[in-house]
Each structure stands twice: as C-alpha cells, then as structure tokens.
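Shared between the two complexes below is subunit A, which has subunit B as its partner in the first and subunit C in the second.
And then the complex of A and B:
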C-alpha cells in the first residue's frame, strides 16, 4: 500500500470537513490502496505537526475547544517548504482580489514537487495559467473539483467520464444564493429585497451579498471552467456579468405565464464567457430550484449531459476534495 | 504506446456508431496512448477479419452498400474463441428472455481472458452475477456504461467521480419513450393512446411498445444498477413494475394544478427495486421532459447528485462505450 503524506492548510469549515471525511473514510481508502496520513494542519492561529500522522479526531476536538488546531507557530508556507510530504490540501479562505495566501501556498507546493488539491477558487479565477504551468513544470498533479459547484462534480465529469468528447459549451447555475432568491421570489410573488432578507436570515446569503447577487462568485467559477476545460487564459474580470438585483416579481410572473423560469445562467463557449439572467423553459434540465447548482455540457458525441448537486456545504465540498485525492492516488 | 486489439460483435446501429466514433477519435486515442485496432467485425450475415487492423471507413461503407460487413462466415463466438485480441465490444441486439447470443459472447470472452465493453443489457439484467464472477476469475475488465441510460453516464459517475461516497439510493427516469409520452400527454391534454401513436410515428416508440410502456425496459436497466452499485443479486423479474398505460390526462392535469408532474420513476435502495409512476415537484431535478433520461444518486457525503442525458441514439451509446474503453486503457 502506498503511504501518502498530506498537509491541510486552512482549517475552517472546509478544512475541518476534509478531516472529518478522511477519518470517516480511512478504511475505505486503505481498501483501495491509499494509506493517507495528515502530517500537518495549519490554521490562522497555529499548527499541529506529526510526521507519523496526526490524530484527526483529537485535532478536530482541539479546534472546537481551543479555537485553534495546535500550539505550533509555523505558517502554512513554512510547512509547505520545509516538511516533506506528497499532497497539499489548500482550504484557506478565498481572496478574489489578489489570490491571497492561497496563491502563494499553491505556487510553493508546486515548487516543492507537491500535488495540490483545493477548494479555493480565488487563485484559480485570477492566475489559472500560472498555476497550471507551475504544476506542469514540477510534474505535480493539480486538481480543483471543489472550486466549482461544491459537490456537483462538473470538472471530473468532463475530464474523466466524458473523456473522448469535444466540449462545445457549458451552461449552468453556479451560485446557490442567487438560485434560492429567484426561486423564492417566484414562489412568494415577493421582491428581490424581501427574499434577499430571508436568505440572509437563513444564512444562505452573506450580510454583504454583493459577490453573490452581482454574479461575481458565479463569474469566478465560470472562468475556472473556461480555463480548465476550454484552455482559455481568462480571469474573472474578462467575464460579461449581469447580476439579479434588477429582476422584478412581475418579470418572473410574466415568464411563468409563458412556461419559463428566470435563472442566473453562466455560459462559456468559444469567444464567450457570460453570466446573466436568462429564461429557461419548465422541464428543462437547467430549471432546478432552491440552492441547487447545475451545469449542462454540450458535447460532440454524448449530446448534452447535465449534472445537478449541492453547490455548498463543508462535507459536500470535502467530498469533492476526497474524489480528487482518490483519482490522483488510486492505482 | 499500447496497441489494443478489439473485436466488434454486432454491427447494427450501435456497432456502426462505435466504428464511426473510433474513426473520428483515432488521433485523440493515440494522443492519450491508446492505439486501438479493430481486428474483427461480425454481423448476423458475415464477418470481416484483419489482424493488422480493419479499415473502419471501408467496413462502414460495405455495410451500407452490401447490407453486411464482410464475406467471412466465421461467427462472433468463433472470433472470440480463436482470434487473439484484448477487447470484445458486444453490441448484438438484446434478448431479455434468455440473454441470447450476447450472454454466450460475454462468457466466452471472459473464458479467453478478453476485456468486455457492452451496450447489451439483456445478459446483465438476467445473469449479472455470473458475468461479474466470470470477469473476476479471468482477471478481465467488464464495463457496461452504455447498458443504462445511453449517453447519461450514471455508472461511471458513481464508481469514478463519486468514489468514496456510500450510495444510499438511486431514483430516476430510465426510459425515454415513457418520458416522451407522459410529457406530451401533459402538453397536449391528450390521452395515452393518442401520444403513443405520435411516439410511434416519430420512431420514439416501437410498433409493439410493451417493453417500454409496461416498464420492463426500465426494470432491466434498474436491475443492472441494483447489481452493479448495490451488490445485489437480482434479475429484472425481481423488480416491482407498474407501467404508464393507465395514466389519464385528468391525473396529469390534477398533478399540474398542485405544482407536480407525473413521471415513470425507477427506484433502488436497500430492500427495494421498483418502477412506478410518481409525482415529482416542478423544479425538482427529476422533473425533466421529452425523451431525456435522468438519475438522482443519494450519497452520504456529496448529498444528492443528479445526472441527465440522452437515453438513446447510436452515437450517444457509442460515446458511452468509448468512455469505458478509455477508462480501461488510459494510463
């Protein structure tokens, strides 16, 4: 059995989700030949290091009681540079302005020959080419299913399951908050402001909802697909973006009368990367409600294949990270 | 580059689709390290053999003009038993009463150490355990994505992309003919008989529609999922089946008034394998119309993931066969 030594850099909701999932699936991983040992966990206040393999259950419980994972003062970058390991799991908070510490962590991991699996979309929405190139030069593997659509496995669906198909276009709903607000506006014949307030109360929208409702979060995810699937060299600033703040209940009712719903649709194909509200017919695979994410992939052989799943949630995101880990190390 | 020598046994619409797809994607396959040569093609009237690799374009054109692929009188079974090759692509017409020649072909392929990729659901709906066991004993690979849902990649989605997840249940629409008839009954406020006649005119339903409308075709596909994903040892006769012939336009209108559609839903989980009409809420991922197929997979980590695609079509089915071939031989 192959021993894989991993670090978890960032130990918020997603990082802790990864630890829980690795604990829960340790036997399964061994059954398929992967002995995965986490040798370092770093959060913003400290670190835990054990080159023999950290007790993940103890680490999770320390994080809960002490608010930090361990007493060690080493940073993520220092761990990546100085401690020998195979895989860096990057789950620090995202920064879409500069790429933040996540970008530095990923580049350092590649410089040191470590594989990278991440849920952190900021660095990929800004510097995808640079990261892909660094991974190529170092011969390391770079996987990022969790950056787009949480537990909706769109990237691995295309690269693994639809292998052999040319991808003509991708259309989808990549932001659960917007989908929730639009679905509820229609259900309740209510205004954008009313349903935003409801989403905020339920924790589905942030106090400052700008990134979600103006389509910026969706644009970040879309640009990752544009770069990874279509080989483009774009950043999220290259995306034509219209958000949902101007949509009225009247327009939703008009759409409904014609047999349509209005959804915030992300669209990428040759020469086009766009996020904008669009009419979708009832019964169409993209017409899913609630906080769901969905993506339709138009291919040359398989026709159009559509995948729907939960776009957020720490365990769901950790599941995407787990599937990336398995696809790298399963023999 | 690895040379893979393959036979295509059965050269109807799907077998010809496979030849077209292999022609179209030959360079792509070489790029990923697979030099696939078809050394035998067999149809019900003859065979073409060339151990150096058949010219697929010439074989397709012979089939079109002569109605048979070649003058050779060797049968599929003889090819499988006597000509050295790695992979048998089984695309003969399905037989769900006995498994037919497809069952014999697959068992013979395993006896001779050949991998099997197939779109032929009859043998798997009747004798899944026997086939899986024969494959295990011979050390050959057995893949059958194309048997369920055509180009909707449900099996590889679960086994590859959702690896690490426990599968709790699968629910879906696995028969495009029934979905078409139910969708059109609702659209037109028309009777089952009227919309069946329309589907028959369009070639979406067979002259004898029994297998489709009574739910038997769906039950065959469901039982393949039950066996392959849940490790059951069932045949399609173990499935509780209710078809769509008793559904009235009145019940569809009542459902619509309540915000629902009626769909023929296949369902498998521990202790249950059932095909029956069910109410599905509008906006739910299973509420897709037309001839589409759809499957929702409930998992322990990723939540519910739903995949939608074309359930039929020779190129779509060949695409599923291609993805199985790639997943076996890609390094």
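And then the complex of A and C:
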C-alpha cells in the first residue's frame, strides 16, 4: 500500500466534490493499493492542516456551518511550499486574465516536486507551455482531465486509450450553458434573452454570462486540447471565437426546416482553432441537447470516436480529478 | 462534364451491357445506374437513369452509338452543380442589400444561390435567412462560402455553416 499525501487548494463546489468523492471511494482506493491522505485543505478564508490526514467529513461539515474549512491562516502557496506532500489538487476558481492564484500554485507545486491534478482552466489556457515545461523539469506528473468537458473523458481518452493514433481533428460542444440556451430556444421558439434568463434562474448560467455565451469558456477548453493533443503553443486569445448572443429563434426554425440544429461547435485541427455556431444535421452524434457536452475525435486508425457526457457539476468534475489521481498512483 | 441520361431498354437479358458499353469505350466514368423496373413505358421498355463523367467532345458519339445499337435515349442533361450546401445568415439582411449579397455568389460563375427562405420577425430586429448554394465542385463550395463570409462581415451578418465532418 502506497501512502499518498495530498493537499486540496480551493474548497468551493469542485474542491468539496473531491472531498466527497474521496470519502465515498476510500475503500476502493485502498483495494487498488492507494492510501490517500489529505493533509491540508485551503479555501479563501482559512485552512485546515493535519499531517496525519484530515477527517474529510468533519471538514465538509465545518465548511457548511462556518463557511470556511478551518481557522488556520496559512495560504495555499505556503502549504505547497512548506508542508511535505506528494500531490496538490488545484481547484481554485479560474482566472483567464492572468492565470491568477491557480497559476502560482501550480508553478510552486512543480518547484517543490509535487504532482498536480487540476480542474482550473485559466492557467492552462494562458500558460500551457510554461506549466508543461515546469512539470517536466521537476519530474512531476501534471494531469488536467477535469479542465475540459467535466466528466466526459477526452484528454485521457486520446492520450491513453487511443494511443498510437494520429489525431486529425476534434470537433464538439464544450460549453453546457450555451448548449442549454440553444436547445431551449429551439424547444420553446423563444428569444436568446428569455432562455438566458431561464438558465440564470436555474443556476446553469452565471449572473454575468459573458464568459460562457461569448464562447470564451469554450475557447479556453479548446486551446487546452490544441496544446495538449496537437502540441500547439496557443493561448485562448489565438482562438477565432463567435458566441451565441446573435442567434435568433427564427434562425433555429429555418435550420430545423432544413434538417439541422444550431450548436456552438469547437473545432481544432492543424492550423485551425475555432469556436462558432454551426449547423449540425439532425440525428448527427454531435446533435446532443440540454447541458450535455460532446466531442468527436477523428483518428487515422480508429476512425471517428464520439463521446458525450456531463460537462459540469461538482461530483462530475471530481470524477475526472479522481480518475487522474488513480492513473498517476495505480501500480 | 457530368451527364445525366435517361435511356429506355428492352426487357430482355443483355440490354444493360449494350447500353453501358459505349460509355466505357469512350472513356466515360460511370457514377450511377438506376433501373425503374416498376415504371414500364407504354411501349414496354424499362426506363434507366445513367449518370457518368465524360469529355464533352465524346458525348455526341456516346449518343449515336447508343442509338445505333437500338437503345432509346429519352433525355440528356448536364449536371452542372454537383455540390450543395446550406447556410444560415443572421442580421439586417434585407437592409444591407440582399440582392447584392446573392449576386456576390452568383457572380462567381461557379456557384449560385438556388433557394432562400427569409424570416423577418419585426422591423429593426435582425432577420434570419436560410440559403441553399449549389456549386460545380467541393472546392468551389468552399470558395463560395468564403466569398459570402467576406460580404457578410462587411454587412455585420453572422454566417452559420454546416459542420465539416460527415459522421462516418
């Protein structure tokens, strides 16, 4: 049995999801030879530290009742630098302007020889090369399945399961909010504004929806694929982006009459990284509705492989993080 | 050129070979053959639609050889546009001179707008249009779409194209 000491930096929806999943799967992890102990949890208001292993259910209930995980004032960076551990689970909120605290955390983790598993897109959409290089130099493992498509396995599918294939292109829907709004506009013959309001009421869209509806979130995920799969050195600013704010209900009806649906499609292949609304034939594997994500991977040997799944949600995202953790430490 | 030809064959064995031989002799490339067994002509012949690529100068020869061997040629037509695409436009389509937008495609000589459905919800709001464009080949479809996108960007119109990859 190998003991893995881990920190969880960022204890919002995803961080808490990770704690819940680790609790739920503790026995399973032991069965496959992984004794995972969380020795530090840090949120924006405080921290909890126990080098013997934190009681995760107590930490979760403290977070619920007190609004913070613990009274300790130590920061995430200090934990990463000063407390000995193997794995840093980075789940702080994403920042696409500078990479924010997430970027600093990841770089510090690599400097200190810690493996990193993250759901935080911002740093990867801005500084992929730098991070990949830092992890290579330190000999640490860097996994980020949760940054793209939530629970839908795409990066590990391509790098592990489809190993040996040349990837010709990836095309898909990587933003559940836009997919929800377009699907509902079609169902209800309603305007973009109405269905955005509905999505906001349901918590599917943020109060400031710009990041989703202008295609920026999709562009961030796409650029991570472009860098990780196609070896590009791109940032999300290199993506040609058109959002969904100009889509009219009439255009959706005209498309339907022609046998199509309109979807916000992400597309990456050699020399092209683009996010734009596209016509997708009815019944095509990419024509998934609701908040679902989907991706079609075109390969030279396996042909086209299409996967669909939930692109967001704390437990779904934690599932992707767990699978990254297992793939690093399973012998 | 690609030719679509309706011919009429006697309902006896060996007739189809008789009909296809001249096409292959004159280096034509057969694309499709469709028998309409269910629609016998009043004279008891079977209509067959044949589509093939051939050099234009050889077409007359094909027709005369067919007629010499007793095959009825009922119709010959050139299939000029082989590729089709549908796109959606959103914006002030009419007020930005819809005629000019269409003409920009038609002027290319290799592509044409063959259908247009327009939806104008109310004045001052953006309209939506569904355009069907035909072109002589795949490359020309792409070229026609870039011409359209160029015009659309000047007129602040959104162009929504179909996804590229067909599901295999």
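Quick note on the criterion: the second predicted complex is superposed on the first by the 331 of 331 C-alpha atoms of A that agree within 3 Å, B and C clash if a C-alpha of one lies under 4 Å from a C-alpha of the other, contacts with A are read in each partner's own complex, and residues count from 1 in each chain.
Simple rule for what comes next: contacts are C-beta pairs under 8 Å (C-beta built on N, C-alpha and C of every residue); 3 or more make two chains touch, one makes a residue touch a chain.
Being a predicted model, the structure only gives us computed values, none of them experimental.
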item: Which superposed partner A:304 touches (first subunit B, second subunit C, both, neither); value: both
item: Which of subunit B and subunit C A:152 touches, first, second, both or neither; value: first
item: First, second, both or neither for A:34, with subunit B first and subunit C second; value: neither
item: Touching partner for A:285 - first (subunit B), second (subunit C), both, neither; value: both
item: Contact breadth on subunit A, by residue count: subunit C or subunit B; value: B
item: Partner chain in contact with A:19 - subunit B first, subunit C second, else both or neither; value: neither
item: Contacts of A:250 with subunit B and subunit C, given as first, second, both or neither; value: second
item: Which of subunit B and subunit C A:320 touches, first, second, both or neither; value: first
item: Subunit B versus subunit C as contact partner of A:224, first or second or both or neither; value: neither
item: Contacts of A:171 with subunit B and subunit C, given as first, second, both or neither; value: second
item: Doubly contacted residues of subunit A, that is, touched by subunit B and again by subunit C; value: 284-285, 303-304, 306
item: Subunit C contact footprint on subunit A (complex, rising order); value: 169, 171, 242, 246-248, 250-251, 253-255, 257-258, 260, 262, 265, 267, 276-281, 284-286, 296, 298, 303-304, 306
item: Of all residues in subunit B, those that touch subunit A in their complex; value: 21, 25, 28-29, 32, 151-153, 156-157, 160-165, 183, 261, 282-285, 287-290, 292, 294, 299, 301-310, 313, 315-316, 318-320, 322-323, 326-327, 330
item: Residues of subunit C touching subunit A in the complex; value: 86-88, 90-91, 117, 119, 121, 125-130, 158, 160-165, 167-168
